[in-house]
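Two complexes, one shared chain (chain A), two partners (chain B, chain C).
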Partner chain A sequence: MVVNTKEVTDKDFNIKRLAEELRNLSFKDHICIGCGICESSCPVSAITVGDMGAIIRNNSPQPKLVIDEHECVLCGICSGVCPADALTFSIANQPISEIPAYPKYNADVEIDDDKCIYCQKCEIACPREAITIARSLPDRSKLVTGEIEIAEDTCVYCGICEELCPADAIDVDRTPEAETINVDKDKCVYCLVCKKSCPVTAIKASCRICSYGDYDINLEDAVTKGSSFIDDELCIKCGWCEGVCPTEAVKVKKPFEGLLKIHQDKCTACGTCVDICPCDVLSFPKPAKSGDIVDNVAKEEQYCIKCGACARACPVEAIEVQISNVDYIPTKSKSWSEKFEALKN
Partner chain B sequence: MELKVNQDNCLGCGVCVVACPVNASISPEVSGGHGALKEDTIMMVENGFIKLLNKDVCEKCGTCQMFCPVDAIWLE
Partner chain C sequence: MPKHIVSGLKYLATIELKKKGLTQQKIADELEIDRSTVSHYLNGRNISFHCINVAETMTQLSSKDFLILTHSLFKNAEITQKIISICQSKVFKAEVLDTCIGCGLCVDLCLMQAINLEYLKANINSIKCCGCLLCQEGCPTNSIKVLEV
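Entry: the complex of A and B
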């Protein structure tokens, strides 16, 4: 006998079927983008996606997605078509994305460590905070070379050099009768501001690079090292990272091609789409100067994944999303192919 | 989800009426802060309090809830 059970923990759930093989469908609410593709692909209409506008904008305690466990037949199609991997279907504890017989999207993102200069632009641009760029900077002392010396017998401990030093390299203790001055040579950049500002000419300093060029700098010591990490679970292949990368180190492969159309005449600028878009594609445009009339909503279509979450949430049907091509690994199963093909509209 | 109001909290400011995108498409003068010329809008302010007229046309985008200064209108 086949029994479906549903286990709910907070907003996430696990549905299990006890048969010869363990089939499990699990859902991660924080990854769900509310596109509704699972809802329209489910062959038994067991899935209901919530009102995403209200849920996301008002931090609602309601889950983004509800499954009727009595209707669900654990076929796994919702997991296969989910563009965000919020639904994971596994058979005997193996996710179907790892089982060759099951189709999946051709979607990928990669950062080439040889080209990456660890500028962190992708990390800042990523709308899902899926990228971490860890970097270690070279020691500042390895990038400069020079000499600095303070004649303590001339110094009056006025503290001017300490206040002006842009590198915080000078420490002056001005306790009467116990004054001291120290220069931290690991911090000093030999800019000579202290020397020029000293009222009693107590500081002798010179920058060797200014005088002789950087012959005694080892370029290998001046390199920033680092590593990149992409959280596959959160990444939705929007392409912001590729778009902002100054060295073309990132390559993103999106599963859908299509069009995003905004009907400005219907739009009432409520901002639901702006808040809901998982890819930061939509925004309210700013007029160049006061009095200019701009569109209600602007788009950066190159970063759109054509998931359709905006169109689904728009209360006045002002947005249309068309998928013209779906890139997936082909399958022999006719019903699965039909579901992937049906995403085109 | 259902649109709900609490008249005890309501200040009658009308921000929800103006912000609602469905109201604006039904009766465009509402989005300019004008009173609705017809009673087809989702809600309107009557005698200083919010009143739901046609909550079945609500598309549940959450805009009213986001803008209400006193949590007098919400979706649950």
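Entry: the complex of A and C
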């Protein structure tokens, strides 16, 4: 007898069949975008995607999709067509994305470290929090240099310099008979505010930059260094990172081309699509000035991946998503190629 | 009783292999029995005609019944495959349609280990195929057609 087993952990699950080779279909709920592509591609109708609007808005304990392990034949098509990699199918512990016989999407994202200035705009814009930009700033004391000295015999420890210092570099202890004053030269930016404000002229300070200008700075000391990391599992190739990057360091290759149409006349502005969109494409527009009439829902189509999750969840069919081209690497399997081709509508 | 049927099947296989011209030692190695047992079988000794009759009846059942019964008697895939391929004279030809999705269910179902996947399509070895139709019945996309030739 050949039977499938199912292990469920919270909202995630694994469906396995162990015979000639171990076949395993694994589902990760937090990655699933609820687009329903797996449901419509499954050759044995074993997949049911839940009511995404209710699941997302109520933070439901229900998983986004359910697979009947008795119906599932572990072919892996759902995993192949999943645009979010929420379903991973592996044979003998090797994911099919690494097995050449299986077709897969041509999708990619890359940050060019030579161009990246570590501004972190992509990290902030990423709707899936898939990007981490780690950076180490230049040493501030190397960017501004100068000299500062306090004549303790003249200083009256009034604390005016400490209060005014914009860099928090001065520390004055005003305990009677035990007064001290200290300047942290790593923090001091030689702005000379302390010198100008000292009522007893106890501070002598000068800024080298004022005398020598920018020539005094070693350019290498002024560079911010860092590294970028993209979590491939979470990344959905929406292109926000590419769109916001000021140095064109990011390149995103999306698998689908197509159109996102919103029928404003049908839309009831319920906001389900806004909540569901994994790419932060949809939003409620704000009128420029009071009294202006705006659309019910606005779109930033350049960041849309045409997954169709919004159209599927819209209760009044006000959204249409058309896929005109699917970029995938076909293999000899006609049935699999047909499944990829069938995504076009 | 099951042991006797097993002997009956091995007897039939011994006769078939002898017809093909195998030596007694080769037959013994093939069927995992003693050479002396082979000699006894070939001389018509040490086995009742009743056992042989039951075994012969089994070979006349449908391919599926013959296969499943044999497998349940031997509880071993390798020797089952040998007995079936030796005792069954029918020849089958299997056709796999392009609608095959490469799920591998047929590979796992086939007791004869006659199927493998090539580029996500089932490939059925007609020499090994015994025509049991387990693959055809289990195929989720009705992509397998097995015909007797």
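Here is the rule we go by: the second predicted complex is superposed on the first by the 344 of 345 C-alpha atoms of A that agree within 3 Å, B and C clash if a C-alpha of one lies under 4 Å from a C-alpha of the other, contacts with A are read in each partner's own complex, and residues count from 1 in each chain.
The criterion applied here is as follows: contacts are C-beta pairs under 8 Å (C-beta built on N, C-alpha and C of every residue); 3 or more make two chains touch, one makes a residue touch a chain.
All of these numbers come straight from a predicted model, not from anything done at the bench.
Q: When the two structures are laid over each other on chain A, do chain B and chain C clash or fit?
A: fit
Q: For A:Ala54 in the superposed arrangement: first (chain B), second (chain C), both or neither?
A: First partner only, chain B.
Q: Would you sort A:Ala134 into first (chain B), second (chain C), both or neither based on which partner it touches?
A: neither
Q: After lining up the shared chain so the two structures overlap, which partner does A:Val316 touch, if you call chain B first and chain C second: first, second, both or neither?
A: In the superposed model, A:Val316 contacts chain B only, not chain C.
Q: Would you check which partner chain A:Leu259 touches, where first means chain B only, second means chain C only, and both and neither mean what they say?
A: Touch status of A:Leu259: no partner.
Q: Per the contact definition in the header, classify A:Thr268: touching chain B only (first), chain C only (second), both, or neither.
A: In the superposed model, A:Thr268 contacts chain B only, not chain C.
Q: Looking at A:Gln62, would you say it contacts chain B, chain C, both, or neither? Reply first, second, both or neither.
A: first
Q: I'd like to know which partner A:Ile329 touches here: chain B for first, chain C for second, both or neither.
A: A:Ile329 sits against neither chain B nor chain C.
Q: Would you give the minimum C-alpha distance from chain B to chain C, in Å, for the three-chain superposition?
A: Superposed on chain A, the two chains' closest C-alpha atoms are separated by 29 Å.
Q: Give me the intersection of chain A's contacts with chain B and its contacts with chain C, in residue numbers.
A: Touching chain B in the first complex and chain C in the second, no residue of chain A appears in both lists.
Q: Going by the contact rule at the top, pick out the chain A residues touching chain C in the complex.
A: Counting only chain A, the residues touching chain C are 2, 17, 19-21, 23, 43-44, 73-77, 101-102, 331-336.
Q: Would you mind writing out the residues of chain A in touch with chain B in their complex?
A: Touch residues, chain A against chain B: 50-51, 53-58, 60, 62, 266, 268-272, 313-316.
Q: Please name which positions on chain C make contact with chain A in the complex.
A: Going through chain C, the ones touching chain A are 98-105, 107-109, 117, 119-121, 138, 140-141.
Q: For the complex, which residues does chain B have touching chain A?
A: It is residues 1, 19-22, 24-25, 31, 59-63, 65-66, 74-76 of chain B that touch chain A.
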